[in-house]
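What follows is a group of structures, each given as structure tokens.
One chain, chain A, appears in both complexes that follow, with chain B as partner in the first and chain C in the second.
What follows is the complex of A and B.
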């Protein structure tokens, strides 16, 4: 299933087009495209160009530092790393079952984060393409342009994100890089006043989320042919599902399906993830390429994230979001939807689902308890898996008798989608670039496909992250014709 | 890039922990970069047929992580991971008004 455009048969004499930085995504990456004299596409690659090495320098640190250290992988979804690390280390402190209050507080923190991250991605990063047009004027194709053209909608996006950040502040102590979750539980109770404050805001939040879902549904319906076809590549899918088969973004078991929707494995305990997934390295990217061990690197790559999740589970378990999901599934009845642009739709459905779950958690008396920490017989290793906004996030640690970390393995959401993003942009190149002079507008199509996956390239390289994207155009002799560099800081 | 920025601006602010002192990524400074790369791409758990990415398209990582003021003159340092929105607001408000930014109690923190 890996496509022919990964490697040109003979790169000599081909013209190199580079998109650097990839804009309106988190982190630092670039795309290179090799074209011949007739603009036929021979090679397309998404390169992740940063390296940080968190997995190495975390070794030797005391385990209780880890949940606050590793979240600094990222400024957008720090809660995911904070919680995945805590879940892994719960096992080290023997807390195989958390207190009901700790479970609810962590869940509230997590769903608050999903809500804010999805809002940030859709309204701030992707809506400019979808609302203003892939080839609209580049100076206005940004959140300020959306604010001018759709002021009410842009405001709702900002307010949705603000609500999610408030949920995080109340549960974690701080909007970004909080400290609320610790191995064995949480260190902060939620007060009645804090709960009431969130409850008061909730009706608006749910209304805005419904507007968002309706908007994407309408966008999809209006130009269905494009939305269904744009960069679409079939693949396996992977995610956590709850033990009851319903969507659960905080905890569950691993399930994978093939491209037709047939179950490949189900109900797998996350502690055994390393038997199911292996990673390959390519010379041209600092981001590794995971695959399902049983299928091998060629056929075993897969998608994770909102579109994978809402199709992998049996149902979402909240009424408004389930109704919205039915509409998405009706696009290709009985078959999996693989269209990258459907990620936006799935993401907004999850945003609505998160608001509904938050409503449920706020109504749960266990949320306000004060029994926050559990413990048990000391362990030496733990795996913590969570569905982060961008997909399945795996943290794995080993700890010695001195309480120091001796091994750390992280497979972050965006890394799982590495091959899928590469295949999607190759498909877009075939569909839109082949035979045409690459203009800024055409090249933005490549970025639109990358953005659909909402990649966080900082997380993916465990690297210091700001993600620019660069496009270089070389003539057939290899001389630089044009270089388009997008905003984004590039240190070095 | 940073030197270019310095040349083109009147006031340069190191914003956030990584800019101010290298932050968490500077934790790798006591390690050999080759050792870091090997752990991630060669000996790491679950890596099959690993090797260190070496395509000319990839920039080589620096041996050390540097704070901004190692490389250029910095006019202001705004600490925090991240600095709070209020601190950034107060800082910019003062700067635009032509005052020397004064962040009161509670606005400067290092976490």
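What follows is the complex of A and C.
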């Protein structure tokens, strides 16, 4: 299933176009495209220099610091790392079952995180492309442009995000880098006053989430041909599903389907993840290429994230989101939807689902309980898997008898989607770039495809609706022909 | 002036009269009067040691450590001036850059005196180039972890272990920039000492070097010593309660 554009047959004489998002903080990605004199595309690659070596900082540290430390991996989904590490270390402290209060508080924290992250991604980062046009005037193709053209919508995006952050603050202690989840449970429950505060805000949150879903549904319906075709590549999908087969973003078992939707494996305990997934390396990217072991590297790559998981599960288990999901599934009845742009739709459905789950959690008296921490026979290793906003997130630790971490393996969501993103931009290059002089607007198509996956690169998260871009056009000998720099606007 | 100061003797601290009792230092008298002077190596239960210099004040125009300078009637003491605060800020910044202090992932964050004093002085960055020393942990003891990365060499654990616990588990070794905390055991490992979890030495570290194992982050944000009130208030209240 790997496409031919991964490697040019003969790169001699080809011109190289580099799209380089310049990143200051955690992530750095660039796209290189090889074109011939007629602008025919010969090779397209997304290269990512990720958080290499973070494992090094964890090794040798006491295990109880890890859930707090790992939050530094990511600027916008620290909570996902906080919880995945806690889940892995639950096993080390022997807490195979959490107290009901710890379970509800962690879930609440997690769904708050999903909600705020999805809101940030859609309203701030992607809506400028979708609402204003992929090739709209670049100076206005940002959240400020959206604010001018759709003020009410932009406001709702901000309010949704605020609500999610408030959920995080209440459960984790702080809006960023909280400490709420600890190995074995949580260090605080939710007070009645805090619960009431969140409950009061919920009707609006659900209404805004529904507006968001309706908007993406309409965008899809209005330009169905483009939305279905844009960068679409078939692949396997992977995610956690609840033990009952329903969507569960916090905990569950691993399930994978092939591109037709046929189950490849199901009900697999996450502790055995490393037998199911292997990782390949390519000389040209620091990010690994995971694949399903049983299918091998060529056929075994897969998608994770909202579009994968809402199709992988049997149902979402919340009425409003399930109704929205039915509409998405109706696009290609009986078949999986593979269109990258459908990620946006799935993401908004999950945002609505998260609001409904939060409503349920807030009605649960266990949230206010006092029994916070569980323990049991000490273990030496643990795997924690969570469905982070961007997809399956795996944390794996070994801890020695002195309580220090001796081994740490992290597979972040973006890595799972590495091949899928590469294939999507190759398809976009075929569809839009082939035979055309690459302009900023055309190159933005590549970015639109990458953005659909919501990869966790700092540049994508700190820039408003577009990645800071540096495009270099080199001749065959590597000499610089032209350089275009487009500054990103940072959120600050 | 007489040899034994009057019981109602006072000195001036930043323009305010501060009463003191015979034998009190400037720092002790100030705290007793509800006036905060930042300090790190001082602890009310131990003889002052005067090494960190964070408690520096100007007495009649000359700088000195307020934790070791006896209060004298009529002295004019400056503490909250920009000059003195600036000096303290630099001392604290030195301490931050000499060790490895990663507050966001430190279990002691919110309970840490160094962090709280840093906030009090308005320290927002390390200012100096961090040295990132390599200081491996000692996790050999079943109940206690030593994270030397955070040691500010205040010697409180040394004093507590020797004077209160009568054990001498800790000591400082080396000179100047090489000075570091060591464990008094032939192996150099904490497991081979007679440290017990209820020793005084377990509770005096102003930073996060000496930790009970497996309890990290049990106390949520908001419930830690300096979360709700600044060290300025906590320190004088502690003195009142004592």
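The definition used in the following text is that the second predicted complex is superposed on the first by the 456 of 492 C-alpha atoms of A that agree within 3 Å, B and C clash if a C-alpha of one lies under 4 Å from a C-alpha of the other, contacts with A are read in each partner's own complex, and residues count from 1 in each chain.
The rule is simple: contacts are C-beta pairs under 8 Å (C-beta built on N, C-alpha and C of every residue); 3 or more make two chains touch, one makes a residue touch a chain.
This is a predicted model, so every value here is computed, not measured.
By the touch criterion defined above, A:297 lies against chain B but remains apart from chain C after alignment on the C-alpha atoms of chain A.
Between chain B and chain C, more residues of chain A are touched by B. In the overlay built on the shared chain, the residue A:187 is in contact with chain C alone; chain B does not reach it.
Once the two complexes are overlaid on the shared chain, A:370 sits clear of chain B and of chain C alike. By the touch criterion stated above, A:69 is placed in contact with chain B and with chain C alike.
After overlaying the two complexes on the shared chain, residue contacts for A:177 are found with chain B and with chain C alike. In the superposition on chain A, contact of A:409 is made with chain B only, not with chain C. In the superposition on chain A, no contact is made by A:12 with either chain B or chain C.
Chain A residues 69, 72, 174, 177, 179 lie at the interface with chain B in one structure and with chain C in the other. The part of chain A that touches chain B in the complex is made up of residues 30, 32, 45, 47, 49, 51-53, 55-57, 69, 72, 75, 174, 176-177, 179, 274, 277-286, 288, 297, 396, 407, 409, 411, 462-464, 489-492. Within the complex formed with chain A, the residues of chain B that make contact are 1-2, 18, 23-25, 27-28, 31, 33, 35-37, 39-41, 44-55, 57-59, 61-62, 65, 81-82, 111. Of all the residues in chain A, the ones that touch chain C in their complex are 60-62, 64-65, 67-69, 71-72, 93, 172-174, 177-180, 182, 187-188, 373, 402-404. By the touch rule above, chain C contacts chain A in their complex via residues 104-107, 136-137, 139-140, 145, 147, 211, 213-223.
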